[in-house]
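Each of the next two complexes has chain A plus one other chain: chain B in the first, chain C in the second.
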Partner chain A sequence: MNAVVIRETFRRHVTHAGYISVLVLIAILGIVSAQSIRPATFWPGLVTLLAVVTGCGIIGPEFSSGTLQLILVKPVNRSSYLLSRVTGVLLVIWLAALTGCAAETLARLFNKSLVLESMGIGLVNVMAETLLIVSLLTLLGSITRAYFNVAIFYGLQIALAVGAAVLRMSREVPAFVLEALAAIDRNLFPDVPPLPNPGLLLLLLSNAAVALLLACLAFNQREVPYGAD
Partner chain B sequence: MTVQVQSLRKSFRAHEVLKGIDLTVAPGEVVGLIGPNGAGKTTLMSCLLGFLHPDDGEITIDGRANDDLDVRRRTGFVPERMNFGRRVTGQEFLRYMAGLAGVPRTEVASRSAAMLERLGLGGAEHKRLSQYSRGMLQRIGMAQALIHGPDYVFLDEPTSGLDPNGVLLVRDLIAEQKARGAAVLLNSHQLAEIEKVCDRVVFLQRGVIAHAETLRHVDKIVVAITLLPGSFDPVTLAKISGVVPKENVVVVAVDAEGDIARIVRALVESGAGVIDVRRHTADLESIFRGAA
Partner chain C sequence: MEPTSSSRSQRTIPPILYAIVAVLLAARVWYGW
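After this line comes the complex of A and B, so read on.
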C-alpha cells in the first residue's frame, strides 16, 4: 500500500463539489430514513450508486488518459498502486456511508426510535456491498479502457437477469444452467438487505478479495502503451 | 548507471515494430532518438520505461531490470503530452508526483516550490492544470520528471509546444542533468535541438537502428578538416589522422586543442591543401534525409 496514493485519492474526491453535494444528499436521506420503521432504508442506495461512480474511475480511465504512464515510472509497485487507489476510493465511499448512518442515528435519537443494532448492521452491510462493487469495477477496469468497466458491470447485471428470464421460458434448458446463472448473479450482484446475515457478509468479502486478486494479476501483466486510445 | 538495450524485439500481432535494437546510454551522456513517424521510437521508449513488455532481448539499467523499484526511484520521464486530472493545481500535482517519486515528506513542499520557480511556473502554482497552456503543461511535466534528481532521464518531445524561452530552459535543464552525470535519452523531431544538446544520435528506421552518429565526444574535441580536392593521398592521410577521409573532409576526435595544430601541420607537410578547420557538427538534416 502506498500512503501517498491513498491520501491523494481521498483528497481529490472529498474536495470535489459533486462529492460534497452527494454527501449532503446522503445526510438528508439519512434524516428521511429515520421516518421509516426499517432502519437504513434510503441512503444505502445512494451510497452504492456513489460506489459505482467512484469505483469506475480506477485504472480504466487512467489507462486511456495517459495518467498511468506518469505513475508507472515512479517507484510504486503496480499491485500496491491499484490497492491504494481502491483503499482511497473505499474511504471516500465509507465516509459517505458513515454520514448517512450518523444523520439517521441523530434523527432517530431525536424521534426516540433508535435501534442501534440494526443501524450498525445496515452500515456494515453497505460497507461490504460497496467493497464488492468497487472490487468488481477495479477488476473490470484493469482489463478494459476508459469507462467500459461500468458498461460491463451494468451490462452483465442486465444480461444475467434477462438471460435467466429468457432461458426459464424454455423447457429444454437444463436446470443446472439456470442454477449456474443464479449463482453467478448471487455472487456478483447480491441483494444486501440491512439484516444480520454473516453468510452473506462472508460471501461479499471473499468475492471482493478474489476480484482484487484477479485485478492485481491482470494489471501486473497489462501493457500500457502510449496514447492508448 | 548505464542504460543498456540488447537485441530488443517487439511486435504488435503480426507487425514487428522493433527488430533487434542495441543501444547504450552512458552516465553523463545525452543520446538523441530520431526517425520518421512509425519508426518505433515511442515503442522503444515505452519498452525502456516498462510500459510494454518486449518479445525478446534485454533491457537493463545499472545492471538491473527496468521495472526494479530502485531503478524507478532514479528514473525521470517527460511524456509528449501531459495528461493528468485537470482539476488539480500545479502545486498539488507536483507535490503528489514528488511524494510518489520518494522525495522525503519534509522536503516535498520546498522542492516543489523551487522546481516550479525554476520552470517559470512560480505564479501559476495555484492554477488548475486545466488552465495551463500546452507549454505550461510541458514545463510542469519537466518539473515532475526532475524533482527527485533522477539518474536516468527519458524525454519524449520535451520542447513541443514550448516558446523560445521554454526551449532554452529545457536545453539548460538537459545540460544540467548531463553535468550531474545522468544518462539522458531524448526523443525529438526537432533536429536543431538534438544537434545542440545531444552527444550522440540514433536514427531509428522501420524498427532498426539505421544510423548512429557521434555529435560530441564526452571528453574529446571533434574537428572537421576540409582539404583541397586532389591534393592528398587518402592512405597517407589515414596514417596521419587515423581516419579515412569522407570525400575531402577528415573528421578527427582529439584530446586537446594542441593536437589539432599537430595534425594540421602533418597534413600540410604531406602536401595536402588545408582549406578549412572547424569544430564538427553533424548535418542531421541530410543524415535524416539519407536514412529516411
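After this line comes the complex of A and C, so read on.
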C-alpha cells in the first residue's frame, strides 16, 4: 500500500464541498434515526449511496482523464496503487458511517433509548456492505473506462431483478435457473439489515476480497493509453 | 506491443491478497456458505 495515495485520496474527498454537505445530511439523518424504534434506520441508505458515488471514481475515470498515464510512469506497483485508492475511498465512506452512527448514538443517549450493541452491529454491517459496493465498482472500473462501471453496476442490479421476475412468470423455466439468478443477486447485491448475521458478514467480506483480487488481475493486464479521451 | 509505461515488476500482485481471499473463502465454506 502507498501512504501518499491513501492520504491524497482521503484529503481530496474530505475537502470536497459535496462530501461535507452529505456528511451534514448523514448526521441529521442519524439524529432523525434516533426517533425510530429500530436502530440504524435512515443514515445507512445514504452511506451506501455515498459508496456508489465515491466508489465509481476510483479507477475508471482515471483511464479517460489521462491521470493514470502520469501516475504509472512513476515506479508504483499497479495493485498497490489500486488498493491504496480503494483504502482512501473506504476511509472516507467509513468516516461518514461513523458520523451517522455517532449522531444517532448521541441522540439516543439524550432520548435514553440507546442500545449500544445494535448500534455497533448496524455500523459494522454498513461498513462491510460499502466495502463490497466499492470492491465491485473497482472491479468494473478496472475493465471499463469513465463511469461505465456505475452504469453496469445499476444495469446488472435491474437486469437481475427484472430477469428473475419475467422468468418466474414462465412455467417452462427450470428451477435451477431461478435459483442461480437469486444466488448471483444475493452475492452481488445483498440486503443488509442492521441485525447480527455472521454468515452475511462473511459473504460481504469474501465477495469483496474476490472482487478486489480480480480487479488487481484485470488492472495489471490493462493497457493504459496515452492522453485523454 | 508492451503496454505503455509501467514495467513488469510494477505488475505483480501481493501474495497477502491471495492469502486473504483463501482465508475468507475457507471461513465462508466452513460456516456453511
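Following the convention adopted for this analysis, the second predicted complex is superposed on the first by the 227 of 229 C-alpha atoms of A that agree within 3 Å, B and C clash if a C-alpha of one lies under 4 Å from a C-alpha of the other, contacts with A are read in each partner's own complex, and residues count from 1 in each chain.
In this text, a contact is a pair of C-beta atoms (placed from the backbone, for glycine too) under 8 Å apart; a residue touches a chain by one contact, two chains touch by 3 or more.
What you see is a predicted model; the values in this text were computed from it and never measured.
In the superposed model, A:V224 lies in contact with both chain B and chain C. Touched residues of chain A were counted for both chain B and chain C, and C has more of them. When the two complexes are overlaid on their common chain A, residue A:R12 makes contact with chain B while staying clear of chain C.
Contact with both chain B and chain C is seen for A:Q69 once the two complexes are overlaid on the shared chain. By the touch criterion defined above, A:N77 reaches both chain B and chain C.
When the two complexes are overlaid on their common chain A, residue A:I121 makes contact with neither chain B nor chain C. Of the two partner chains placed by the overlay, only chain C lies in contact with A:L202; chain B stays clear of it.
In the overlay built on the shared chain, the residue A:V22 is in contact with neither chain B nor chain C.
Once chain A of one complex is fitted onto chain A of the other, the partner contacts of A:A97 are absent, as it touches neither chain B nor chain C. The contact surfaces that chain B and chain C form on chain A in the two complexes overlap at residues 69, 72-73, 75-77, 223-226. Contacts from chain C toward chain A in the complex involve residues 3-7, 9-14, 17-18, 20-21, 24-25, 27-28, 31-32. On the chain B side of its complex with chain A, the touching residues are 42-43, 45-46, 49-53, 69-70, 72-73, 75-77, 79-85, 87-88, 96-97, 99-102, 144, 154. Here chain A touches chain C in the complex through residues 69, 72-73, 75-80, 83, 198-199, 202-203, 205-206, 209-210, 212-213, 216-217, 220-226, going by the rule given at the top. Looking at the complex, you find that chain A touches chain B at residues 2, 4-5, 8, 12, 16, 65-67, 69-77, 223-227.
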